[in-house]
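Next up: the structures, one after another.
In what comes next, chain A is part of two complexes: it sits with chain B in the first one and with chain C in the second one.
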Partner chain A sequence: MTKDFNIDDISNLASIHLEEKEKLKLQKDLEIVLEHVDALKNIDVKDEKIDIHPLSKVLELREDESTPSLSHEDAMKNSPETKDGHFVVPPSIE
Partner chain B sequence: MSLKPTIGMETHVELDTESKMFCSCKVVETDEPNISLCPTCLGLPGALPVPNKKAIEYIVMLSLGANCSITKEGMFHRKNYFYPDLPKNYQISQFDFPVGVEGSLEIVIEDSLHTVEIERVHMEEDTGKSIHLGSGRIDSATSTLLDFNRSGVPLVEVVTKPIISSAKMAVAYIEELRQLVIDLGISKGKLEKGNLRFDANISVAEEGSDELGVKVEIKNMNSLKSLEKAIDYEILRQTKMVQDKESIIQETRHWDENKQVTLSMRTKEGSADYRYFSDPDLPNMVINEEFIKISQNQIKETPEKKRKTLLDTGLSLSDSNYLDKGQRWLYELYLSTVKETGDCKSTFNFLTGELQGQMRKADIGELPQWVNSEKLASLINLFENNEVSFTSAKDILAKLLIEDIDPKSFASDNNLIQSSDNDEIKALVTSVINENQDIVERLENPEDKLVGFLVGQVMKSSESKVNPGSVKEVLLKELFG
Partner chain C sequence: MNKNIPSISKLNNLFLDKELKPSELFEQVYENASFTESILHAHLELFYDEGLENSKKSDERFLKGESLGKLDGIPIAIKDNINVYGYKTTCSSKMLSNYVSPYDATVIGMLKETGSTFTGKTNLDEFAMGSSTENSAYGPTKNPWNPDYVPGGSSGGSAAVVSAGSAVASLGSDTGGSIRQPASFCGVVGFKPTYGTVSRFGLIAFASSLDQIGPITNTVDDARIIFDNIQGYDPKDATSIKPEYTEPKNKKLKIGIIKELMQEGVSKDSQNEVNKVTQLLENSGHEVVETSLPLTEMALSVYYLIAPAECSANLSRFDGVRFGLREPASGSYEMMNKTRAVGFGEEVKKRILLGTYALSAGYFDEYYGRALKVRSKIISDFQKAFDDFDFLISPTTPSPAFKFGEKTENPLEMYLSDLCTIPANLAGLPAISIPTGLSDNNMPLSIQLMGKPCSDYSLLDLAESIEDMVSFNHLPKITKGDNES
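Right, the complex of A and B next:
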């Protein structure tokens, strides 16, 4: 069964802080989820057609035409802080 | 231990469409921030993406131009990561069903042809732009400003297989790809505007080994010059580390243009870290034969085809490649001029050397409309047939660039036609021989360098009005019989 995941990595990727107690609980919950998913691996699919998307609908494309949308003022309206027409966010370091 | 470098290139090409990839906001080129936005490209909740047909046609054209197979039934994935220039917290991209797969591009390095295999060509959207306030360095910024005008602009990523073996080869590959997107008319291809942005994955391994070394990704190379320098630097850095038995870590480094070094940015994410999953907002994308045909029919020119046309005129591979990668008008002017002169080398030399040189010097950006292939061919023929000297040809060209003249009439009206009249030449030769008796006495054979000096004296006394070939002939006859 798949247990080779690290709860610290996952919380880090999801940018969600977890307390030790929560980590233990989530580790167990996720292991159960993975066990369920692992059961799917036992299904023989070698003769099945690959279904790459759950919807059978085919993507509609639009013509390359531009239309006016939000005004600058409307686009910026919900921002807590702006400067010289920009959105301001805390320093973002990769 | 002998080490060999292996390089793979990832290039982002900004497509030249009217509207963005998944919304109808206009693609704008402006310094005015946040003026072309809507709920979709701002990532507001509930907004739904609708793909741009033209962008899909363009990526199919690029895939075909790079000799790829087209994935008929593809789809979009979400690439999840947190960074403020991507307000949805995911980028719509493609994962295991890219539009183009398994292609190749023919590239030219000096006078030889090479092939670069393409792994995939996939469709995605661009992110916004961040400006870090503070000292200018990303790690000491006090706040970050965001402009989302670029957010959602259609972007194609072209990924090569790890088979590039030198910085020069990487540069030649980017030049070819850039020319391809320009010739296809799908991107402006301007590096300085960020229409083409590239990262290089570099590793070194022992010569002969089947395994690749640890891969390091280099970012922030904004020109072909910095691409070449960054790759050379990184190969040296890794080679030294391996030789010193230090271990290389898989990471992303950025090229520091001021310090001319690569610096560590962060440890590299694996694809699992991006938690790719199919975008539930976008059903399967079917690219059928008819769609491929429509895209194919829009391909009028590729650099490979242009190069073949140039090679057929007799030019060398490197000269053909030079015109292939140059400005469109020069390529067309060469082809129409060489048809009339029938001499590929002199036409190439005159147009790329003299014509381009004089235009640069006189700051002429565009060729005046009266300067056509007919006039240029007539001028090239004049000096190739020794009817005018090369100096006179240069003067005639200078005149032609500012005034609508006929080169041949101008040459005769201004007494520039060289005489092939043997009597006139003989008189000049005799007088030069008489004036230079000391030199004539030192002459040993017709190959003597001093013969050239005497020819020069005759040319000088005639003010370059006589044909140097005829002068030499008469002179040798007089001196050696």
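Right, the complex of A and C next:
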């Protein structure tokens, strides 16, 4: 089951840069966990349904009404860099 | 319970009878913290000034006969993954070392309405991922019973402060046992309510189909009082429910011992506590019989696919743009990669990678989809069990607290310490851990009770009757008072 596990592909998908030493440790740990969860393959789940809420409740959305919320200023306060009420990020198109 | 700190009801009576002022209690608790924190490192931040100011407002209310209720003037500690307006919420991560909460979590707003004061924010495993607080980016918390031992986790700080008397009670969060396991290791009460009964709005999400906020306290009645004040429907949390609490049909209860949690892998110490309590329950006229939930053995595997999958989605928000750490880089993608590399610790990275893999194209059905289906089967098994039984009993943990470094080499070793607590999260059940005895090396032992969804109050009633029968009155080593060592 774990033969296709490629730590480089997964760290790329997860947007986490890993050092070589870290890769070795994480690969080893993840293989231990994946081997353990392999036991689930032996459970017959053919007719089983999936519930998102453990109590099978339908998730309720709020009414579509405007209510007081965070101010624009408060929402921006924790950003590493802002300008004129916008988040500033490094260039994303080369 | 910690005999240096009376129960919430007793404290309330002392306030009402003018024998103690809330500000005097706050000062006493702060003095305890001043002594214990240098050893335990359980609080990440103390809110002395605001806490004292609020407790003085409580003084005035009691003086005028205008008390807001049982929690008025009670000092409560808050796990540092719950937002308190104007204070840092770090989740014990470098990623959020400078994050200041711009709003109150719903539970915090509700506690503020009760007049309770906050002692500060408590340590945890980074983003609540762990069972020992060894994953905190700010260093581990020590166990008040013996600082060579872990306090459990992830709410290790919240359990240690109650055990050591540097708060009367605390809030924790429980995704796979993170309230009950540390409560068990620290000899206090830990209650995970029914999923959806307590709002998670303002709790930094780890695994949304499992996360639940609940109290850690000295007594079961304290847990009931806090639960009573934080439960209820919240439109800001889409998973919130409008609970209709249930009572057992008969006074004479039928309680099932979960066979799969009383076998190899669970220490004799832990099993003996269940047997001891079983005897007491039978002496009180209740019926206790063994029952089998075979899929319980699969719960750990299910959990370690579902929780990482949900965490990989929830933690994708930490990208260095809107909040938290940002590492300098010439492009956005490089900035995110570097920020997440530096900001997250090893365990968090491990779980994000595991979850990313379980959700990736070609593996979704094999891992995440299959885990969700086995979870449904586990839920069905519990539903069937509750057709026959009012409550279920098991050890809270497979063994008492372990030493630092004992389970850090192999991830499964650490994950197995949540063996008995994970099933209640998967099925959304209310569950409580209560201390019942001490091991040969004087570390606390406990039992866990589980009930059907929305049986929270009757579960607390049963736990309280066991608490009375057991009379656990031991004190930890590290505490301020006559018994300090």
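Structural remarks
Operating definition for what follows: the second predicted complex is superposed on the first by the 80 of 94 C-alpha atoms of A that agree within 3 Å, B and C clash if a C-alpha of one lies under 4 Å from a C-alpha of the other, contacts with A are read in each partner's own complex, and residues count from 1 in each chain.
The rule is simple: a residue touches a chain if its C-beta (ideal position, glycine included) is under 8 Å from a C-beta of that chain, and two chains touch if they have at least 3 such contacts.
Worth saying up front: this structure is predicted, and the values here are computed from it rather than measured.
Taking chain A as the reference chain, the count of touched residues is higher for C when chain B and chain C are set side by side. Within the superposed three-chain model, A:13 lies in touch with chain B and with chain C [touch as defined at top].
Once the two complexes are laid over each other on the shared chain, residue contacts for A:87 go to chain B and to chain C alike.
Using the contact criterion defined above for the overlaid structures, shared-chain residue A:39 touches chain C, although it does not reach chain B. Residue contacts after overlaying the shared chain place A:75 against chain B and chain C alike. By the touch criterion defined above, A:61 reaches both chain B and chain C.
Overlap of the chain B and chain C interfaces on chain A: residues 13, 15, 52-55, 57, 59-62, 70, 75, 87, 89-92, 94. Interface residues of chain B facing chain A in the complex, by the touch rule stated above, are 17-19, 23-27, 32-39, 42, 50-56, 73, 75, 80, 82-84, 97, 130-134, 138-139, 141-148, 265-266, 273, 275, 278, 280, 282-286. For chain A in complex with chain B, the residues that touch the partner chain are 13, 15, 52-67, 69-70, 72, 75-76, 83-94.
Across the interface of their complex, chain A is touched by residues 98-100, 102-103, 194-196, 209-210, 235-236, 238-241, 295, 298, 300-302, 304-305, 312, 316, 319-326, 329-338, 340-341, 344, 346, 349-350, 352-354, 356-357, 360, 362, 366-367, 369-377, 379, 410-412, 415, 426-428, 453 of chain C. Chain A contributes residues 1, 4-5, 7, 10-11, 13-19, 22, 25-26, 29-30, 32-34, 36-37, 39-41, 43, 45, 48-55, 57, 59-62, 70, 74-75, 77-81, 87, 89-92, 94 to its touches with chain C in the complex.
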